[in-house]
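Two complexes come next, and they have one chain in common, chain A, joined by chain B in the first and chain C in the second.
Take a look at the complex of A and B:
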């Protein structure tokens, strides 16, 4: 037998910096792992990483493009965080985002014409939130009252949402489809009054400010309101909630609907800020799924979500930009691969931030 | 006390006991679980370990089967000293334990479960051979079981048979049965006893763990009685009676200083004809109870006789199927915990961390748990309250914002009491105080502190109900007491007028014969 073995011991003295160091080291480890694959591709990993940083975070257009991608990621990240921190695993923000886009673009097309921008955009956002919550409703109801796994239901609903969205544009002459685009089916453009204003000559829009406001609102709700308090109790112990007379089912429903609404808002901001129409191909980017990564890396902290969303937004943005860079031909998948690797390392890193790894002798000596 | 052999011997000179523990001691943090315990079983004998919950029965059994190692003392197997490092090693040496909670894979068949994890099993399992042997063992010991049945399809009684067959298949000569009848119907109990007889006839040694006197008398040859980690007596069943065993089991409490209440006034808590049904079983059965202001009423009884559902029904956490609960004259039956609180109830549940306190929230937030909250949560008052409690109750915590899960048992109980007893003696404060297991798991200092608080609650005019498995605690704290047995009050009266025999027999469910 090997005289040594590894043993994980629970850390009793967790320091605050563990929770900062873990995500940072996870990112570094992911970059190191990614380097292996880049090298196999015949690319110089350091060169690629430097380019990546340069295109996303150095010049004005790079930064604003990264922030533009960060907008929906902040919202889907919040969607995941709000539910996950209560051990409710809504992994269907992707589908809730589609429904948010469908509802939002409908509101924009139907009502926004002639209204002031603030009202028009407001309607798009409101409808988007309703759409997302609507898509979370079946999962929330069955979870709260029958204990059905929300992981399964929210994931399945995502696919229904995806094909419903595609059907509205590619499969039918629906209200959303532009009747004038004969060759390639497209969504009808929403009026100007249903669009976020852009910042100067960049692609960044006011949706960023909106998303930041939502971050603050969610934080206030969780930290300072009674419903947030109830959510914290239910998230930690159903028995305590029952003891205190907090309605467990209603609170679970509320949390999942709120999570869905946040996912829906992500879809609505994409309509109002970037696509200006129900654009299935432009929305089908996995923004909802990436929200799970954002929330996990941010440890469900609303403010950390902003930072992580900007970082992952930049990574995503760079993936597209690098492909177009002359000479290097970096595959666009690199950024997705890195994103996946970061999540894996972050989850792995959690184990080490909660436990101490030690090497122990396993000789016959009896423990003292 | 019958003298137990000083060595690994038996009652039959020249023939060593099948298994023996000599002077074994086991400590857990803060608890002396077994204190110099002697125990032995002979070949072909049924020897029962009898005692209340927490008396140390399970710890002793765990050391006999290899789950724990004694801190001091020695285990002997057929007269030879052994060191069992794991249950697997114990089983390899012929010691099999049948746990109260079965360890079976539901999706596997009986035969598959029997060979699962058997180190002697060949790499390739011949299913037909295994099934034939399982069938043969079943027949020999009166354990009829279909080897191909899936565990998921079996009743609890049948599953227990599988556990026993599993041990016999692996060649166990010493079988430890941990509270085997707790989950069985009366008919299944009879069948089990026949199996026990068949096993002893074949020379197996049986260790039977129980707190039910009737069964102990019926099935065992000898009984070792434990209390508070120590052996209080070892007797042959033929030479004893249920009454004698009950006495050994509950013991004569050391006379602690008791402070009785002076003059109880009007009834503040009234429970009438309460029925609670859980999983189709009537766990509280037509229970009547009254607690007056200025008195402490104690509920005693062996665990699982309705204490938990009674407390939860009073607190409004579960709905009774019949009967009523009223607090300060207000009917709060099945109206929920908020209504009960509003009527004047303070409730400290037995599960402090996880029910009474939210493990993942700060002490400040826990202080707010049962308080009225507006749309926004106001923490400043609660924080000040925690700060006061930290000083007044001597709570050891890093800060008011530390998570409740980080506190020790004693400190979390103090936080809980600080919250529940706030404003005691004022019209806004609690009028009825229900506390489950007030001092369980607490060190002596904290326990004394908690008892003091309960006395104070009484002096200040609250009606106090304590529910505890610690009989001495109930006897020393309460002015009146009642013993629960199968969801009913088996005996009740002023504490000073109930004899220890009466209480012991009531706890064991033989009150009727005893009183006659």
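Take a look at the complex of A and C:
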């Protein structure tokens, strides 16, 4: 046998700066690991990292583009957070986002023409939230009343949603498809009144303010309302919730539906703020899955979600922005690889901030 | 009735079943030990890109398959470290593994994109048996990996249900506390089976690039097979031989389009693609409710980190 083993011990002397230092160290460790792969491929890691930082966080357009990418991530991050903090693993924000985009673009195409922008966009967002909640409904119902694992149902529904969305644009001449796009099928564009206004000449839109408002709303709901209180109790123990007379099933349903609605809102903001149509290609970027990791890194705290989303948004944006630059620069794949590495290191780092890993000898105790 | 089209479709479905079944059998091993690993898609991609590079450099099919499998196992060890040693959330870690796997494989595979690979799996003909109508092309003229996959499923079934080591694995997945008391090394067993899971997922990815898809095309190489494998484990209610049968069914859903069109049945391809996921939900809802959970075989401690100190 191996004469030693790792043992994880809870840190008793947890300092406030641990929670600041941990994410930073995790990112640095991930960049160091990424540097190894970059060097193997014959690239200069320092140069690559400077380029990444430059395109996403230095000039005005870089920053606004990063924030634009962060908008749906904030919402999918919230979607995961409200469910995960209750140990309800809705991993289907991806599919709920697709349904939000389908419902949202439907509302925009159907009703928004001629309406004032605030009403038109409002309809898109409302329909998106309904679409997301609708897609979470089967998972929520079966979880609450039959105890069926929501992990599997939400994951399966994600792919059913994905293929349904592709059917609407690529597989049929549906209401959502632009009839003029015979060779390269695309979604029909929603009218101006269903689009978020842009900020100046940037691509950033008012969806950012909307997402931040949702962050505050979710925080208030969890912190200061009775349903939020119920959610907290049910999250920590079904038994004590039952004893306190809290309707456990209804609370589980509510949490999962709210999570779905938030995922749907992410899809709706993509329609109203960036794609202006049901855009299967643009949506297949794992925004929902990344949201889960955003929520986890932010420890399910709504405000921390914003920071993490902006950071990951910048990294995603760097990947896209680097493609558009002239000359031989950084390959676009680097940003995706780094995202994954940062996520993995941050998950590990998060544990280290709470615990200490020590190497203990496991030589058999001698009988005395 | 157009027999040849149906036979060709069925034969193709069986080939399409191989990578799905391999990845699902791997996931089954990990889940039986109590660790859910959603990172299958990532491990398959890493296996595929490694197999291509090694196959390209060495020209050896089997070396490429071995390298892809080992790469999958190494990649899975990240998940094992995070979830077993550090007790991270298995769901979050698995998803991060997918993102890292897509990113890393795309980065490594940048130079090989679109290139064909010289080596390829060839079918093994069982002499005259291969000429028997229907049965011949389906069972006696397939490439060797199909037979290997069925053999692996049988072996896993025997291992889990008929050996002492398999009993220990099931104990770790059902009740790690009890297993620990009995002197079973919970952490070691979880590590080994998560990595065996990665080995089989990597093998599935390697087989894809060596035997089925014409060239490396980033995440399109696996095209969601890793997720189907996750569904299949549930669909097959954690039973190895049912994984094989389910894989044929899911493989058929991926290949039936061509035949159905010939028959004049016009089901959109997207709806066929939904079938595995829809069937899995139905199976889960009908048999997977709380009270009947034991019956379908989901390990009781699935997804729960084991902490000895706080027992």
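Assume the second predicted complex is superposed on the first by the 343 of 368 C-alpha atoms of A that agree within 3 Å, B and C clash if a C-alpha of one lies under 4 Å from a C-alpha of the other, contacts with A are read in each partner's own complex, and residues count from 1 in each chain.
Here, a residue touches a chain if its C-beta (ideal position, glycine included) is under 8 Å from a C-beta of that chain, and two chains touch if they have at least 3 such contacts.
All of these numbers come straight from a predicted model, not from anything done at the bench.
Judged by the touch definition given at the top, the superposed model places A:225 against chain B, while chain C stays out of reach. By the touch criterion defined above, A:163 reaches chain C but does not reach chain B. In the superposed pair of complexes, A:245 makes contact with chain B only, with no contact to chain C. Within the superposed three-chain model, A:171 lies in touch with chain C and out of touch with chain B [touch as defined at top]. Legend: residue contacts after superposition of the two complexes on their common chain; A:236 is shown touching chain B, with no touch to chain C.
More residues of chain A are touched by C (comparison of chain B with chain C).
Within the superposed three-chain model, A:71 lies out of touch with both chain B and chain C [touch as defined at top]. In the superposition on chain A, no residue of chain A contacts both chain B and chain C.
On the side of chain A, the complex with chain C involves touching residues 5-6, 8-9, 37, 41, 89, 91, 138, 142, 146-149, 151-153, 155-157, 159-160, 163-164, 166-167, 170-172, 286, 289-290, 292-293, 296, 331, 333-341, 343-344, 347-348, 350-352, 355, 357. Contact residues of chain B toward chain A in the complex are 315-317, 336-338, 341, 347, 349, 351, 354-361, 365, 368-370, 373-377.
Taken together, the chain C residues at the contact with chain A in this complex read 36, 38, 42, 78, 81-82, 85-89, 91-93, 95-104, 106-108, 110, 187, 224, 227, 230-231, 234, 268-271, 273-274, 277-278, 280-281, 284-285, 288-291, 293, 298, 303, 307, 309.
If you check the complex, the residues on chain A that touch chain B are 224-226, 228-229, 232-233, 235-237, 239-240, 242-245.
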